[in-house]
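Here come two complexes built around chain A, the first alongside chain B, the second alongside chain C.
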Partner chain A sequence: MPHPFVVHRSTEGELSVLSLDGHLDAHTAPEFERAIQAEIDDGRVRLIVDGSDLRYISSAGLGVFMSFIEEVRDKGGDIKICGLVPKVRQIFDILGFPAIYDLVDSRDAAIQRFAEAPTREV
Partner chain B sequence: MTVPLSVSRLEALLESAELLHSSLDLDDLLRHLLRSVMGRLVVSRALVAVEREGVLEVAIARGVRGVSAGQVFDRVEAERAGIALFVPIGQETAPVGVLGLGLPPTGRVDEPEVEFLRALAGLAASGIENARAHAEVQQLNRRLDRKIHELKALLDLVRALTSIEDPDEVAQLLGLTLAGQWLVARYAIVAEKPGHPVVNRQKATTLGWPVTWWDEVARWSEAVRVEDLPEGPARRTLELEEIEIVFPMRSATGPVGLVALGARPGGRPYTDADAELGAGMVAQSAVALENAWHLREVLEKQQIERELMLAASIQQGLFPADLPQLAGCDLAATSRPARQVGGDYYDALSAEVASPLSRWLLCVADVSGKGIGASLLMSNIQATLRALLGREASLAELARVTNELLYLNTPGNKYVTAILLAVDPATGWCSYVNGGHNEGLVLRASGEVEWLPATGLALGLFPGMRYDEPTLTLGDGDVVALYSDGVTEAQNAAEEEFGNDRLVAVVRRTSSEPAPRIVSAVLSAIDAFAADAPQHDDITLMILKRARPATQPR
Partner chain C sequence: MPSLEQKFTLHVPSSTQNLAMIRDFVSSVGEQAGLREEDVAKLELAVDEACANAIEHAHGHDATKEVVVRATFDERTLHIEVVDTGRGFDLGHLAPADVEALVHERRSGGLGMTVMRSLMDEVSYEIVPGDGNRLRLVKRLDK
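Presenting the complex of A and B:
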């Protein structure tokens, strides 16, 4: 029985916010991938991924972040991640995401990070 | 001599004991130890070395020139840098570390202070053990968490793969999973099976496919680090693409592709455990890929079979259900396709409107190609003949117009050879057009053989063709055989052809029998001749026999 997963899109000024809701796993990763691809195709590379309602993430889900980060940063943008619940945050930590991504608590903090560092150098 | 600890020293010791056991962080603990002794004894140089994997290593140093954390503890060097007092931490025989101190401004440390230091070092020893055990547990927990995550990732992948039927989606999922597992932004997944589109998913790489070093891939084990590869084209290409590790993809029949991954962040290497996990994921994906390919083949095969059945049913519908009864003549025909759908066609048509062609038109044709295309061409020629029959002044004209129409309506490589025979059953008068078809056979009752050779080119091949229309008259007992090349070119195991002579011989032998018997005799003769050799081409045969109705044997 597949778990439900939805990507909601909104904007904060010139930033695109993708809010993830549900289980981001191997089944649903392609949907998230399409959502990010659509942003890039439309020339929007400053992306906030809001994980407040993300209940689970698998490697395939994390792979979506990795699949676009170079392209997004090459184009002068970034993917900032905010609002992860502790259980999900732990997976990001285990795999070493904080070394590569800005992981912040709130959407406001993510907006703030974009003001400070629109593109993070790794 | 043991000097009893003073009250102030006891108090300090208690405070330290509390601090040394409240923190499970080794660095915190050691910093506290140094602060305590340096403050109490008023020394400006101190260090702590801690045993790590059998070697004493400086863990923290303050004011000791040339000695810093991380280096191997060297007592002589420490003494040279002003460390004068060494207190073992833990048991004298097997200490977990050493506390080293410079001398206070007084130049000496009295015995009670040394005793105090020993007591403090004893407390520190158990603190260090605790902190170490804690760190170890934490590390184990982290490793366990990672392992659990890896297993979950593998499980998640395998579960998702079972519901995927598209090869590209298999590659997509594998790519995402590997990228997420190891935080790689650069990867390539390429796989190929003959008859299928190449599966190619690449991020930040442009690995051309197929690679020239493909035979090398076939020899690789489950995971290959590029740095371990011998110098050669494979290594050069992979280094150029900044690939660090490669997994060959194998199906049951052999290597089908490869998965190549770039660097992990921070220069972290792929461990053996990583290589093992990756190989497992790739192997699972290879199975899924093979299944997806297989499924596609099955579906395509079913589709082709459906088309062939459709074509066969179209074709069956084109053959006349019953041949007409021609007064004064006996007519029979059959067509046996070599495969499910052949390219032969026969018909017996009569003009519905009065015209010079208000006779019967017999036709045996062989369309180029097989399958649904041949069926469509066949129905095209049937429709054309039916539409034109009775409207054209002559058979030659009918053939000319049919040629033009087919030429205009079919691709250049499509054509039809056909022999058209117009028959007046009452008088036996005939005319014919042979458009590039086999010679028709006329066996006179006298035993004399005549042939009806080509009177023009195949229909639909070139525009502007003209056809001759010779005439002949059939007498009582004369037999006409119209047939496709499958009859005379039927082969036996020795690749000899049935040929005109055998055809003539069978027809001659059976010419006194009714037309259907002649037809079946020819087929039997072909079968007997071919024996076990497979039928290469469609076999179509039409027999027209002229006989007075009263004497026609039934």
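Presenting the complex of A and C:
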């Protein structure tokens, strides 16, 4: 059986929060992709991805972040990532994601980061 | 005294829905080999990457094909071999991923080999005409 993966959506004012729960791999990455695409299609490009309940990520999951970030920033938004557990954060670090993405500890910190820097250059 | 070698093999249809099963298998092998928890996690991810490549790129999501994961370990080393029957590639031409360049190209792929090389002690690849392609991962055991 595939390991479960769910994207929970909520909002914090004009920010959309996508909370990832479970295992994000090549099988489940399309679900995350659809969730981000739905936000963009809806004109919502200020996105917080909360990884507090993300237990596993492979490069297929990281690829979803890569493929959307320029489009989101071109539209004046950003993807801020928060709450990653150490096992997951390690993979972001190995691939140099902190140079490109804002990775912060908590959802509150992500909200604060949007207040300080709504978007950034790639 | 020669060390006892243990061998385990998993055959699965070439579908991404079987990646979780492959990770469970590899985790069990890693634990049995005596890897620390953090190294089991690294092994799990490296093999996931190898198998996802085989399923997507070598077999084109053709679930009538098969991915084989062979694990062998003794007291000193854990070897994993992922075998597919698709079109091979030249490992030597795969430079480490430049994430910034991939972002500019809006690509979602291209990270797998970099992840494998970062997590394992050795990564090699062999095309065996008529007998599949073998991606080999080696993890040395700290005992």
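Just so it is clear, the second predicted complex is superposed on the first by the 122 of 122 C-alpha atoms of A that agree within 3 Å, B and C clash if a C-alpha of one lies under 4 Å from a C-alpha of the other, contacts with A are read in each partner's own complex, and residues count from 1 in each chain.
In the analysis below, a residue touches a chain if its C-beta (ideal position, glycine included) is under 8 Å from a C-beta of that chain, and two chains touch if they have at least 3 such contacts.
Worth saying up front: this structure is predicted, and the values here are computed from it rather than measured.
S.K.: Should A:I40 be classified as contacting the first partner (chain B), the second (chain C), both, or neither?
M.R.: In the superposition, A:I40 contacts neither chain B nor chain C.
S.K.: Once the structures are superposed on A, label A:M66 by its partner contacts, choosing first (chain B), second (chain C), both or neither.
M.R.: both
S.K.: Under the stated touch criterion, which partner chain does A:K87 make contact with: chain B (first), chain C (second), both, or neither?
M.R.: Only chain C; A:K87 stays clear of chain B.
S.K.: Would you sort A:A109 into first (chain B), second (chain C), both or neither based on which partner it touches?
M.R.: Touch status of A:A109: no partner.
S.K.: Jot down the residues of chain A that show up as touching in both complexes, chain B in one and chain C in the other.
M.R.: Shared contact residues on chain A: 25-27, 29, 33, 58-60, 62-64, 66-67, 69-71, 91, 94-97, 99-100, 122.
S.K.: Touching residues of chain A toward chain B in the complex: what are they?
M.R.: Going by the criterion above, the answer is residues 25-27, 29-30, 33, 58-67, 69-71, 90-91, 94-97, 99-100, 122.
S.K.: Across the complex, what residues on chain C touch chain A?
M.R.: Checking each residue of chain C against chain A gives 16-17, 19-21, 23, 38, 41, 44-45, 48-49, 52, 55-56, 97, 99-100, 102-104, 106-112, 114-115, 118-119.
S.K.: What part of chain B is in contact with chain A in the complex they form?
M.R.: On the chain B side, the touching residues are 142, 145-146, 149, 152-153, 156-157, 159-161, 163, 169, 172-173, 175-186, 203-204, 265-266, 268.
S.K.: Of all residues in chain A, which touch chain C in the complex?
M.R.: Those in contact with chain C are residues 1-3, 23, 25-27, 29, 33, 56, 58-60, 62-64, 66-71, 87, 91, 94-97, 99-100, 122.
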